[in-house]
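In what follows, chain A forms one complex with chain B and a second complex with chain C.
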Partner chain A sequence: MMGEQEDSVEKLAFHTQMQRRIRSAVCCHDAETLRALLDECLVEKSPGEVSGILLDALEEQRLNFMSSARSLPEFILTIDTVNAALEQMRSLEEPRKNSDAFVRIVIGVVRGDPHDLGKNIIAGLYRAYGFEVIDLGRDVHQEAFSAALTTYDAKVLALSAMMSTTMPAMKEIIREVRITGSKVAVVIGGAPLDAEIARAYGADGYAQSARHAIEETRSAISRVFP
Partner chain B sequence: MIPPPGLFPEKFLDALSGLCSLRGKVSRLTNVERLITTLRHREPDRVPCCPLVISGSRRLIGASFPDFALKPETTTRALMAAFDLIGGEVVIPMLDLSVEASDFGQTMIYPENSTPHPDYDHPLITDHTGYQKLKRINLRDARRMHSLVEVLRIVTRQVGMKGVVSGFCFGPLGVLCMMRGAEHLFRECILYPTEVMAALETITGVLAEFIEAQCETGVAAITLDTLFASHNGLSKPLWEQMEGPFVRELSSLIRSKGCIVGVHNCGHGSYFDSQIRFMEPQIMSFAELPEGCNTLGELKKRYGDQVVLMGNMNTSLLAHAGPCEVIQDAKRLIEALADGGGFVLAPGCEYPPNAPLENAFVLAQAAKLCT
Partner chain C sequence: MTILDLELDEDMLLHVESRVRPSLWTPGDHARASQVKGLIKEAVDKIGEISRIRAVHTIMPVEFLNGREIHTRAGSIMSRRFARLASGSTGELFVVFLIATLGQRASSLAEDQETLLSRLVFDCVLSETIEIVVQRLEEALHRDMAVCSREMTSRFSPGYCDWPLEGQRVVFSALDASSIDVELNDYCVMVPAKSISCVFLAASSVPSATPCTFCPLEDCAWRRDTHTGEF
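Our next item is the complex of A and B:
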């Protein structure tokens, strides 16, 4: 009995220490240390459990980014680090395509717009949070969005525009998507937009910045797929 | 045209603005008097206005985006049409944010219906080793920068005593971003700061020449755009380390020419405190509230006696709302920021280039109606 208790205390201590070290490696975007820690962790834990620890570390950084305690460049490096580590985990995990949580997202920057920083950050965040991302890139025509939604049977369409001159293309894309009758949650974001314009364009969600993208996408999904 | 304000003694400007402020209580001031009064933090007869109709002005003369960006005579005609028709006291002629980068050799795209931008599929700097290879260019061979100088020369002459003209220069980090792409640049500011700073030094040398040439056209001010000094860019310590010293050099140069230093901010949570420390600007334009301020009242209290505030009408509202909403928004800003002078009514950023121009007229009228 005593032996079992000691064993579980030891396991808890290991878990806590590992969590702390992983959090620190994610915070410092130290990919090499993180890889070694994950290998060490995988001796004791399943890939799913280790992914959970990683996502907790990312969530902590995301909240820091939301409160401006972390800067955008630091957060980009954090996303890079976590995505590389999650890739390592996913190669060990069972495919999750039958899971209820599995959501496929088509994302892109609208026609005429070359600014893909925001889109890339959000695509990286989506990946890290377990969404499957079909990234169409920048300067994407309406037809390409429609085709991707059909081909990949995506639940979410995420559109970005960073210029007031390219922003109206979003309205056209959303109108086209609605005409085809596809059931899809549309989330839009970008510098010239605001919540009112997003509503007027017929979007289901408006991500004011990368800080809000995950919550806004989750709530748009729950509204469209209750 | 008015001589650079820095050439006048402070006491003279104070006395002049005091007299103007008094006269403004009983009669209408001229545009220049109104601005002098505002810049000295005294109350003019009404708030001055800068509608910031830049590439949107091309539509007044039926010109395309590429013509506006590449033909100085077209740019000048468009900007003067906007100034004459819409009004306002401050004119900031600029072409687009890629002027400097394109002269460094960045491949550009000139869309027919949108603002010119770099071809991000072919960035001039392709990896972190490219920063140190960036070569200094001669202003004489810099076609687009030279075009802007020409535009400034003509606009300054044509505006004359009817208003104040400001030159414009994108900060060195912004110029570098146009040649590398923001995402890579952000990563590399952390991973390869020495390399990035080498490129910033090269760029700053060229921008100094560019600014000198702008000052020689007779402009009263130069506006520096330090977009990355905000929550949309680098952390405050990193910005102070990377761009701070270079923009300090550029703003000192502007002051040494007798011109006013203006700073434009279109990011969220701009670092006003750092920007003021490094650039000592007289005017700060802003699209969003700076870091540490939750309301316009807080902003006025914290920075209102240090700088003239300019902005911050919502550009989405200008693009989509009706005249009544625009007037209401202008009223809200004037009530919060105009007390005691030191405020210029303007959009937070460039007037949306493809939006109907009606609201630009409303904005200029609102400055008269709401004070």
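Our next item is the complex of A and C:
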């Protein structure tokens, strides 16, 4: 009995210490240390548990970004750091792809629009949060979005447009997706958009910026897949 | 129509660097601040090295003017606010059309970067560079106009204020943009992306540098100074 208790106290101490060290590595954007910590952690814990610790650390930084305690470059560096570290975890996470929690996202900039910086930031953010991202790039035609949703059986479609002239393509894409009956949560974002336009276009979520993308996407998923 | 090949001088590059830094500010983190500063410097150097800055401009007389448009032989500038600015001008009225670009190679520099942070920094530096190029061209045009005893407004671009993005077609009809390797796609988006198109009003006297003078939107993010045209 005593042995079991000691064992669980030891495990808790390890967990707490790892949480603290991973948080610190994420906070300091130290990808090398973070990789080593994840390796160490994976000896004792499952990939899912390690992902959880990493996500908590990332979430802390995102909340700092939301409250403006962290600047955009710092938060982007956090995303880069986490994604670099996650590379080694992805191969270990294959079994997770069969679970209900696994979410695949198709993302792209609509046709005629070459502006992809915002989309790249959001795609990086999604990856860091453990979503699998199918990035179709920019200037993407409606057919390519529909084909990718079917091919990859994605739960989320994320569309970006930066110009008032390219933005209406989103409405056509959403309409097409609804007509085909695909069950998918559509999240849209971009400079000329606002929540009202997003609603009028039939989107399930409007990501005003990188600050809001994760929450909007999660709530769109929970609405479409209750 | 005048076609210009331009070089980025040291002064312009320093100007770019100083303007980009505040937008990529990293408060209280010295290590990150110097990392971002290093990336800005790298981007500025690279852009200085490979940019092929070209511009084309021309001047056309205004054929007619009413409360909602300014008509030239290239077509109509459909903006009530800009038309109001024009109606307050005196003497013969002209529109100067301008397109400038950093070129395809420089425009795609950001997407060649491996990390998101580098992409962000390169994109910001590229955007600021083309802004400063156009600012320099604007200053040169102001000097040219002054020689002819004309005043000129600050630049006004399609897609801003009440001038729809579709107004690009007028600018591209006034100028042979292919002479500087710039195209307009079906959605009125310029390719290469790091390009700017704009117009200016020129006359014996113009009432203000910008249409913002007549605009009630006091807290507009794009509001510019009445005299200098600065944001």
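Criterion: the second predicted complex is superposed on the first by the 206 of 226 C-alpha atoms of A that agree within 3 Å, B and C clash if a C-alpha of one lies under 4 Å from a C-alpha of the other, contacts with A are read in each partner's own complex, and residues count from 1 in each chain.
Here is the rule we use: a contact is a pair of C-beta atoms (placed from the backbone, for glycine too) under 8 Å apart; a residue touches a chain by one contact, two chains touch by 3 or more.
Values in this document were obtained by computation on a predicted structure and should not be read as measured data.
J.: Does the chain A-based superposition show chain B and chain C clashing or fitting?
T.: clash
J.: Which partner does A:122 reach: the first (chain B), the second (chain C), both, or neither?
T.: Neither partner.
J.: With both complexes overlaid on chain A, does A:213 touch chain B (first), chain C (second), both or neither?
T.: neither
J.: Touching A:105 in the superposition: chain B (first), chain C (second), both, neither?
T.: A:105: touches no partner chain.
J.: Using the touch definition from the top, say if A:71 reaches chain B (first), chain C (second), both or neither.
T.: both
J.: If you stack the two complexes on chain A, which partner ends up touching A:184: first (chain B), second (chain C), both, or neither?
T.: neither
J.: Touching A:163, do we find chain B (first), chain C (second), both, or neither?
T.: The answer is both, since A:163 touches chain B and chain C.
J.: Touch check for A:79: first (chain B), second (chain C), both, or neither?
T.: Second partner only.
J.: Of all the chain A residues, which ones make contact with chain B and with chain C?
T.: Overlap of chain B and chain C footprints on chain A: residues 71-74, 76-77, 80, 112, 114-117, 120-121, 163-166.
J.: Provide the residue numbers of chain A that touch chain B in the complex, in ascending order.
T.: Going by the criterion above, the answer is residues 68, 70-74, 76-77, 80, 112, 114-117, 120-121, 138, 163-166, 191-194, 196-197, 200, 209.
J.: Which chain B residues qualify as touching chain A in the complex?
T.: Going through chain B, the ones touching chain A are 109, 111, 113-115, 117-120, 181-183, 186-187, 189-191, 231-235, 238, 266, 268-269, 291, 314-316, 319-320, 352-355.
J.: Which of the residues in chain A come into contact with chain C in the complex?
T.: Residues 28-29, 71-74, 76-77, 79-80, 111-117, 120-121, 124, 163-166.
J.: What part of chain C is in contact with chain A in the complex they form?
T.: Residues 24-27, 29, 31-32, 35-36, 110-111, 115-117, 119-121, 123, 159, 164-166, 185-189, 191, 193.
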